[in-house]
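I've put the structures underneath this note.
Next come two complexes built around chain A: one with chain B, the other with chain C.
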Partner chain A sequence: MIATLRYEFLMQIRRPIMWIVYGLAFAVLVAAMWPGYRTLDLGSGGGHDPKPAMLASAKLTMSLLAIVYGCLLADRLIRDRRLGVAAILDASPSNPGGRLVGKYLGVCGATAVPIALVFFGRAVVYTFTEGKAETLAWALAVFATVILPALIFLGALALAGPLLIPPLVFRVLFVAYWFWGNLIPADMMPTLSHTIFAATGDYVEYGLFDRARPDGVVYGWPDAALNFLRPAATPAVAVLWMGVMVALAAAILLLTRLHAARSES
Partner chain B sequence: MKPLDLWAHELRRAGPAALAGAPALVLLMTLLAILGARLGSRESTTAFMLAGALEMVIPLITGMAAASSLGRDQAVELQLTLPVGYRSTVLRRLAATTGWTGLCAAAGSTVLTLGGWWELLPVTPHGPAVQLTWLAPALWLAALGLLASAAFSSAVAATTTVALVWVVEQVVAGPLQGSLPSRLLYLFATTRGTVPDDWTANRVVLLCTAAVLVAAAWPLLGRAERVLGGDKE
Partner chain C sequence: MRIQINQLTKTYKGDVHALKGIDLDVPTGMYGLLGSNGAGKTTLMRILAGLLRPTSGTVRLGGDDVTTKEGRLAVQRTLGYLPQDLGVYPDLTARQFLDYIALLKGLDERSVRRRRIGELLEVVALGEHADRRLKGYSGGMLRRVGIAQALLNDPRLLIVDEPTTGLDPEERIRFRTLLSHLAGERTVLLSTHIVEDVAQTCRHLAVLAKGRLVFQGDVGSLVARANRRVWTVVTSGAAPSTGRIVAALPHGSGMRYRVVAPVPPDPMAQPAEPTLEDGYLALMEAAVPA
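Showing the complex of A and B:
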């Protein structure tokens, strides 16, 4: 597992195309979100307070870079099969489950590095411009609770999805899913966005970090469909959300393993 | 090989999964148009979703397909020695997949016409102009996908570029519509609305810039060394 992790991590992090695409995405992020990304104030007047500023930074960063993350991961698992090395690896004495976990951790870890760089880079810049050293602590807390669970789930989804459907179709569906299930307002149409299954970390933001919505309304959309998936945002629900993300990732990886075991026999 | 065989080959090469997306979307649109009211969807929401399927999802399909159309040719060395140029093969490939998606989109637009849904949109196109709703953004994103694919020599990078542009246009619709140049290049002017009288100009500018994007990709596609390099992982 460790050998696979190391190999996959290095292979992905040395992939020039990954850095090019992330660079492009970062340029687009800055250009498209400019006033908001400069002040880190999403209308709630929190631009000078490190905690809401870091939450806003996480939200803006993830809204675009998560797509790059998913698309870059989508070809990693099927690659072994396409190149014809899957059969050779299966014949080796290594444990297939360990190899899958190693691949998952290695590839996801490497693909998450640019996101971490962008997020912590913005935090360091904020520390200097605002002169508040506690920003870095908040950045660490926000990264671990808001961004990391989402990356854990999305990584498993993006690795396993192309096993069932062709990568091209998967990428189209992934982009549509990201927009429909995470970015749109909850009352626009029946959607998973802002539910306990959404990967945007709203529950941590409102439950754990106690951030009121800009309009002063507590978490919730009275008119939205699927509201039974949107419990009130409390610290317990925030922890539950993190658990749901990790559990979903584990379930997807388990299914992937079973899928592979079935196609081996 | 007769030209017809070439076209048939390109359609087979695209595979059933890539070709089934657009008809499935039209089927969903038809179901939504018929059952929307029964599901409790407001009329304006149904109209938005139907037009959105045409103006947002169809371009996403053509763009992603164009972005992953290069780099996976078997025996490309052989192909480069044939009298048929590689560029015409690529264009034929794009025309086959985009044309099929376009046919489905045209069928989808009749769903909106039959149900009278166009009247409920922020911009109501009339007559044959309704086809520009999907044609302009679909060709623009396909051209972007082709250029990105030719420039990066990587399907992953090209599809991600198309995906990024699509999501950015969705997320920052307001600021993009604020100034004239970005408003004229905005992809979803029918469903998201635009300044009155700007709609036709927007569509024409999109079609013209799509031609520019293809022209930019043209010299890149003509360099045999790049084509031989294959898909950079």
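Showing the complex of A and C:
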């Protein structure tokens, strides 16, 4: 597992296309948010308070870069077979399950590096410009509880999805899923947005970090469909959301392993 | 390492019978497995390497039954496998690629791994290119990386599937020589459809045709299958209509044909000394009538 993690990380972090696509997406993000991107709170109403500022930063960062993250992962699992390396790997005495986990951790870890750089880059800049060391502490807390669980789930989904459909089709569907299931308002149409299965970390924002909605209303969309998937945002539900993200990732990886074991025979 | 295969069958989805009751005993040393494309060679190689499960039958490699999980793992610890469609990670260097495979093969100690990789890169004459990315390698160089990765764990069984396909003549000869040197105390199973590769490297071989084993024995026995069946015909007229023409060369104003046929294909036909290729063709004529 460690060997696969190490080399998958190395191969992914060296991919020029990864840095180019992230760079372009970041440029779009900054241009779209300009000149608000220069302010600590990105116009979120948090003023000079680092906690809401880092939550807003996480939301903004993930809004676009999560799409890049998923799309860049989409061919990583199937490429061993496409390149013709799978037979060599499978003929080794290494554990296939361990290799799968190693690939998942290595490739997802490498693909998450630019997201971490963008997010922590902002945090470091504002730690110095605002003179508030707690900005970095809040950034760490927000990354660990909002961004990381989402990346854990999205990584497993993006790796496994192309086992069922071609990577290009998966990428299109992934972008559609991201907007439909995570970004659109809950009351616009039946959607997974703001549910316990959404990967945007709303439950942590509202349940764990006590963020208030801009309209002052507590967490909830009375007129939305699928509201049974939107329990009240409490600290316990926030923790539950993190657990759901990790559990979904584990389930996807388990199914992936079973799928591979079936196709071996 | 001795390989004992009993009543091995493999049926793919759609009722495709790739192997039909194979019984084969492979001794230590270089062993050839001949057959045309689609004969079942790669399926057999993949079963031996633990990549495919047979539908029925047993496969024992040095006492381990490869059809069980434990046996497969034991075999894979002492196995070197060079698949037909060898692939590499193009962005890794040869040294990095070998390091990765070595780790997967359980060479955990860094100094041992480095030394082994260095030795093998010299064996396959890639020492100078070891730190170049694999995407810049030629087909022959990639094949040599493939054989190096197969040898990392000093295997007792080396399975090479169609290793010379697509190589230029010089590279093919170099590769064959390398395989012969590697045989020594280990079993090297060379699967190919190129008769010349077997003729130049193996003393024993088996032949597969349409999923069945149609021959196993020494090279001389297969050559003998063509005794009194190889003919030379020199003619300025039409090509012989009976038998299989294996060579046709311009000869004066006519042509000189080499023909494998059970009876003289022409009243002027002269008997010729058979080669392994003639023996193989004679066998296939009998086993799989056209």
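The working rule: the second predicted complex is superposed on the first by the 258 of 265 C-alpha atoms of A that agree within 3 Å, B and C clash if a C-alpha of one lies under 4 Å from a C-alpha of the other, contacts with A are read in each partner's own complex, and residues count from 1 in each chain.
Here is the rule we go by: a contact is a pair of C-beta atoms (placed from the backbone, for glycine too) under 8 Å apart; a residue touches a chain by one contact, two chains touch by 3 or more.
Just so it is clear, the model here is predicted, and its values are computed rather than measured.
Colleague: Touching A:7, do we find chain B (first), chain C (second), both, or neither?
Modeller: second
Colleague: Check the contacts made with chain A and report whether chain B or chain C touches more of its residues.
Modeller: The larger set of chain A residues in touch belongs to B.
Colleague: Tell me which partner A:15 touches in the superposition: chain B (first), chain C (second), both or neither.
Modeller: Both partners, chain B and chain C.
Colleague: If you stack the two complexes on chain A, which partner ends up touching A:125: first (chain B), second (chain C), both, or neither?
Modeller: So A:125 meets neither chain B nor chain C here.
Colleague: Quick one: classify A:72 as touching chain B (first), chain C (second), both or neither.
Modeller: In the superposed model, A:72 contacts chain B only, not chain C.
Colleague: Check the residue A:87 against both partner chains and state whether it touches chain B (first), chain C (second), both, or neither.
Modeller: The second partner, chain C, only.
Colleague: Which residues form the common part of the chain A surface touched by chain B and by chain C?
Modeller: Of chain A, residues 15 contact chain B in one complex and chain C in the other.
Colleague: Quick check on the complex: what are the chain B residues that touch chain A?
Modeller: Residues 15, 17-18, 21, 41, 45, 49, 57, 60-61, 64-65, 68, 152, 154-157, 159-161, 163-168, 170-172, 175-176, 232-233 of chain B touch chain A in their complex.
Colleague: In the complex, go through chain A and note every residue touching chain C.
Modeller: Answer in residue numbers: 2-4, 7, 10-11, 14-15, 83-94, 99, 264-265.
Colleague: How about chain A: which of its residues touch chain B in the complex?
Modeller: Answer in residue numbers: 15-17, 20-21, 24-25, 28, 32-33, 63-64, 67-68, 71-72, 74-75, 79, 165-169, 171-172, 174-176, 178-179, 183, 189.
Colleague: Spell out the part of chain C that touches chain A in their complex, as residue ranges.
Modeller: 46, 49-53, 73, 76-77, 79, 81, 83, 85-92, 96, 100-101, 103-106, 146, 149
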